[in-house]
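Two complexes come next, and they have one chain in common, chain A, joined by chain B in the first and chain C in the second.
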Partner chain A sequence: MEIAKKFKNTFSTVPMLSWLLGTLTAVAIEYFWGYDYISYYLGLSKIPVLFGALIMLKEPMMIPGAIGYDLIVYVIPILLIAKTTAFFTNPVAAILEKMPLWFSVILHLLLFYYTLHLWAGINDYRNIIVRLTLISIILTISINVINGYQGEFSCSHPGFMAIGAYVSSALTLFLFANDKMFGTALLPQELGPWGFPFILIAGGIAASLGSLLVAIPSFKTRGDYLAIISLAFMFIVKSAVENLNVIGGARGMGGQPEYAPLPIIFIWTIICIWVIHNFVTSIMGKALNAVRDDEAASESMTVKTRKTKMTAFMFGAFWAGIAGGLFAHVIAYINPGMFSINRLAEILAMVYFGGLNSIVGSIVGAVSINILGEALRPLELFKWIIIPLILIFVMIFRPYGLISFKEINAKRLLRSKHKREQGV
Partner chain B sequence: MRKITVLIIVALAFALAFSSPAFSARKTVIKIGINAPMTGDIPKVGEGSKYAALLWLEDIEKAGGLEVGGKKYEVELVIEDNESKAESAVKANMKMITQDDVLAIVGPQSSKQAVPAGEVANKYKTVMISPWSTNPATTMDRPYVFRGCFLDPFQGPVVANFITEEFGYTKAAVLYDVASDYPKGLAEVFKAAWEKKHGAGSVVAYESFTTKDTDFSSQLTKIVKSGAQVLFTPQYYNEVPLIVQQAKDLGWKGPIVGSDSWGSAETVELCGEACYGLYFSSHYAAAGAKGATKAFIDRYTENYGYIPDDVAALTWDALKLAQQAIQDSGKITGRIEKDRAAVRDSLAKIKNFAGITGNMTFTEEGDPIKCAVIVKINDNGEYEFYKSSCP
Partner chain C sequence: MSALLNVNKMTHYFGGLRAVHNYNLNIKPQQITGLIGPNGAGKTTIFNLITGVYTPTEGSITLENQNIKGLETNEIAAKGLGRTFQNLALWRHMNVLDHIKMAHYSQLSYGLMGSFFNTRKCREQETQVEENSYRLLELFDIKHHADQNVTNLPYGAQRRVEMARAMATNPKILFLDEPTAGMTPDELIQMIKIIRQVHQDFKVAIFLIEHRMKFVMELCQYIQTLVFGELIAEGPPEEIQNNPEVIEAYLGKEDLT
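Showing the complex of A and B:
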């Protein structure tokens, strides 16, 4: 504990900018020397993809090597650079504080993206994990709007995702790709990447229209009843797709062009976080929380409960549709079985693990479940014992998830941490 | 602060001291990836694939490595679990190709995973042999993707012909899972073949259910009432016993015929005597096998305590194919991209490969031309060779 306290003290003056610089340095070290020198002298056959987790679990003999690698490449450079650059990043952060917030946020995001891009660029396996994790983040945040902020228990998210995935795949295949299902492309293929955002939005809109099917009959119901209606909706979507041979039925739909590389998904994720953050902190968001806590009371306080609930539901479904569209274009194959009860369990696990009513919580939940799922891959069956166990413990000790009821405060996150200057 | 420094130094010292291969050069190891469903819906399939692969590795190790161009190379298996999920199969393939540097991949078994995973393998120009996937899309327009089994458009007519010749029936019923790609495809192909033979309307009942259903009584009642003489149900081992037992309870007297998905060892174990005397089309028959097939079956049974199902046999063949392709490529350069391309070229050239599931020659698409076997479940619950049908 003494060490932890000291550690916290030492690094309390480090601003976010320094941490990002430190991470960038670490990734740069890995990029330039990781394969040729560091992993070579540690006896590793390659750069460990997920901080050595895969190697450690597969070959216990390699544990020291992998830990050594993590220390040399990540821990030491990050801490060192973060601490040593604090002397100039603090004034920089102070200057940025005086500028508009968006400028500072974009600057930080660019730096973060560059780091992520470099890290994921080292290995394509990392790349696909990062892409799928980002998609999970969109999914988790969007379900948090319904299950967290609105306080319902909706199970139809995989259904919304399926609608988004199928609508956007059908559109891209129809418009921009030569395939067996819809024949030759209607539009020149070069236009594809430019048309993709509109296609995704169309998928999102289709999903939110689909959500009306759940929202309208479930106006008067809450809790368990809504859960059952939404669960039914999920199965309806799945069976409908299975029986629609035009879009492949149970065989699925494949051959989507690769319109979803890392930068595109990253931009969508940031837009999603930003828009949902604004939504839940707006008056509508407050109304949503009021409806969650007491519907009758909020009704009497002039909150239009019906409209609020509908908007939130459609809004969450829209983002699930976007996530579905991105997912379809990453895997380049979808079948109705993908959007079933397993997916629901995964989404619910991410949102309840991370934390209700919190965007940060959703991000934490999505990232940790995804990374855990990948890192424990060598354990095969035991993976499915360990992850549920962790979930159970989280539910026992933190019933609302790891980080719940907390909002992002960009200003606070990015501010300068020089105590003397602030006179603390 | 000092404590941390000390800790880090100690850790580093440990790291260097214990990583025995430290400072040694990276040597060329031939790695073969196995992408199998170890967890999820059909773990038995994953287990069969894994065991067959382990037996294969044992052979290679006994021989002191795989000999390519006069030099022996150490072989390593990379077994990845695809959780019976498409995205997990994609990730597993990506991991094996970019991280583990595998020379060839065997798997995934089900088409649901093999179709998207094949996309990855083809994109990264790595040979992938799916032993069990019957969906045409798996290998279509993918020069690097091959398969070890025949396709549904071949199997459907085989079953239809067999029933006609064996029993002389003209009215058939079909019960299949509409939510699963393989049964649905096969049911359609069978229906088309049957109606071509006996005229439109000769499939008197065409009933479906959805994955994880366990009660088939309403569909089976319709089938019994329809006056069908034979029931065709291309389902997996977890559904076949339920279907067969419920059909018998509802008064079904005719034969029930299945497809290669019945071939798992579990089918008879779960079904018991109700399944004795039934027929299905398959890749190979365990009882009454001869030669190399028998040797494989005996070894497998001895090691793992049960008779290998067709997945294990096909996986074995796929591995043998990969082995021969690697040996035929003549040289391992250590430059993985080049080696992978060489393996692909020699695999496409293989002619009349003598596998334990029959002789194979690949078509342009990477699909093998091989015979199907009609298997009878005999009174001891063994899968007995009954007839063979070649294209």
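Showing the complex of A and C:
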């Protein structure tokens, strides 16, 4: 406890900018010396992909090496750089505070993206994990709109995702790709990446129209009954797709062009976080909370509850559709089986683990469940015992999830921590 | 002066049960009206019927000569009927400031797109709403609770939050459903003060349900007595106080032995 306090005190004056610089340095160290020197001298055969978790679980003999690698490459440089650069990042952060908030946010995001890009660029496996994690973040935040902010228990998210994935894949294959299913491309292929955002949005809109099938029953019913209706919706979508041979049926649909590299997905994730954050912090968005907590009171306070419920479902489904579209273009193959009960369990785990009614919580949930899922892969069957166990413990100690009912406060996050008054 | 709210021959059935029968009400601008009656007389049902939670089986309801019967609750509320609830109906995960802000919902015009992209219009309106909310909080003496979660407040303060919230909808008539239920005598006196102040500052008409006679007699200019869904007496407080039928309904018939 004493050490933790001391640690916290030492680093309380470190602004976000310094942490980002520290991480960038750590990643740069790995990028330049990771393979040639550090992992070589520690006796590791290659760079540990996920902080050495895979190596540690596969070959217990390598544990000291992997821990050493983590310390040398990540922990020590990050802490050291964060602390030592604080002397000049604090004034910089103070200057940024005087500028418009968006400028400061974009600057930090660029720095963060560059770090992420370097880290993910070290090998393809990391790259795909990062991309899928970002998509999971979109999914988790979007289901949080329905299950957290609106307080319904909706199980139809994989269905929305499937609609988005199929509509956008069909559009890209039809318009921009030569393939067996739809024949030659209708438009020149160079236009593809430019048309992709519109295609994604079309997928999102299709998903939000589909969500009306769940939204309308939600006027009259909620709780368990709505959960069953939404579950039914998911299965309707799945079996509809299985039986539609035009789009591949149960065999699935493949050959989507690579339109979703890391930067594109990163931008979409940021847009998603930004839009949903705006929405849930506005009065319009807080109406979702009001309807969840007391519908009769909301009505009496002039809140249009039906419109609010419909908005929540359509908005959540829209982003699920976008996530589905991105997913299809990352994997370049989709089939109906991907959007079934397993996916639902994964999404629900992420949102309830991370925390209801919170965007930060969703991000934490999506990242931790994804990373855990990958890191524990060598355990095979035990993975599916450990992750649910963790989930149960979280539910016991924090019934609403790790970080719930908290919103991002970008200004506070990025501010200079030079002369902080005591107790503030 | 013409009536602000006019309810004419309102009757309502729950299935075969007649909850309210031939109920008439006239509320003039700035008048404080009280509705009293024993438990189960249908007082809250009348509130719910007028504010649109239920639609009456028969009869008409007009607000400023416009029909409001059959409209949705939120539409009626936006037209100028603010209300509080008998058992506090607060949003338990929201802080006090957000409660007041939320009640401005019908006064916002920036739309969903405005809220998604945080447009200038959205920001301007939200700032305006926030200023207005702080003004209300100050008036109801709960400003120091502004960013506390509403469930952490003492009971009297929660009641005041509810009233401030109702006033934020900009009502012409304020419906108070047992505003002093479960209050200590001190809180009761404070409540009387607040209601008087609201009445003066906002120039609203008030329609209230209450059990405590002292409270009703002191505040109301006009009182209705409801028993088993029917009005048995109405008039100014002095008249009601001495009406034998009212006394009978409350205390039972005097047994002469």
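Note that in this section the second predicted complex is superposed on the first by the 419 of 424 C-alpha atoms of A that agree within 3 Å, B and C clash if a C-alpha of one lies under 4 Å from a C-alpha of the other, contacts with A are read in each partner's own complex, and residues count from 1 in each chain.
Operating definition for what follows: a residue touches a chain if its C-beta (ideal position, glycine included) is under 8 Å from a C-beta of that chain, and two chains touch if they have at least 3 such contacts.
Note that the structure is predicted; figures quoted are calculated from it, not measured.
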(request) After lining both complexes up on chain A, report clash or fit for chain B versus chain C. (result) fit
(request) Figure out whether A:219 sits in contact with chain B (first) or chain C (second), or with both, or with neither. (result) neither
(message) Quick check for you: in the superposed arrangement, does A:198 touch first (chain B), second (chain C), both or neither?
(response) neither
(request) Identify which of chain B and chain C touches the larger number of residues of chain A. (result) B
(message) Between chain B and chain C, whom does A:87 touch in the aligned arrangement: first, second, both, or neither?
(response) neither
(message) Going by the contact rule set out at the top, does A:393 touch chain B (first), chain C (second), both, or neither?
(response) neither
(request) Return first, second, both or neither, reflecting whether A:37 touches chain B, chain C, both chains, or no partner chain. (result) neither
(request) Report for A:114: first if it touches chain B alone, second if chain C alone, otherwise both or neither. (result) neither
(message) Using the superposed model, give me the angle at chain A's CA centre between the CA centres of chain B and chain C, as a multiple of 10 °.
(response) 130
(message) After superposing the two complexes on chain A, what is the shortest C-alpha distance between chain B and chain C, in Å?
(response) 32
(request) Could you pull out which chain A residues touch chain C in their complex? (result) 275, 278-279, 282-287, 289-290, 292-294, 296-305, 311, 357, 405
(message) For a test of understanding, state which residues of chain A touch chain B in their complex under the given definition.
(response) 3, 6-7, 10, 40-46, 49, 54, 61-62, 64-65, 67-68, 71-72, 75-76, 123-125, 128-129, 132, 238-239, 242-243, 249-252, 254, 327, 331-333, 335-338, 342, 374, 377, 380-381, 383-384
(message) For the complex, give me every residue of chain B touching chain A.
(response) 1, 3-4, 8, 11-12, 14-24, 26, 38-39, 43, 80-81, 85-87, 90-92, 94-95, 97-99, 101, 112, 115-116, 119, 124, 135, 137, 178-181, 184-185, 210-211
(message) List the residues on chain C that touch chain A in their complex, please.
(response) 51, 53, 72-74, 77-78, 82-83, 85, 89-94, 98, 101-106, 108, 110-112, 114-118, 122, 126, 129, 165-166, 168-169
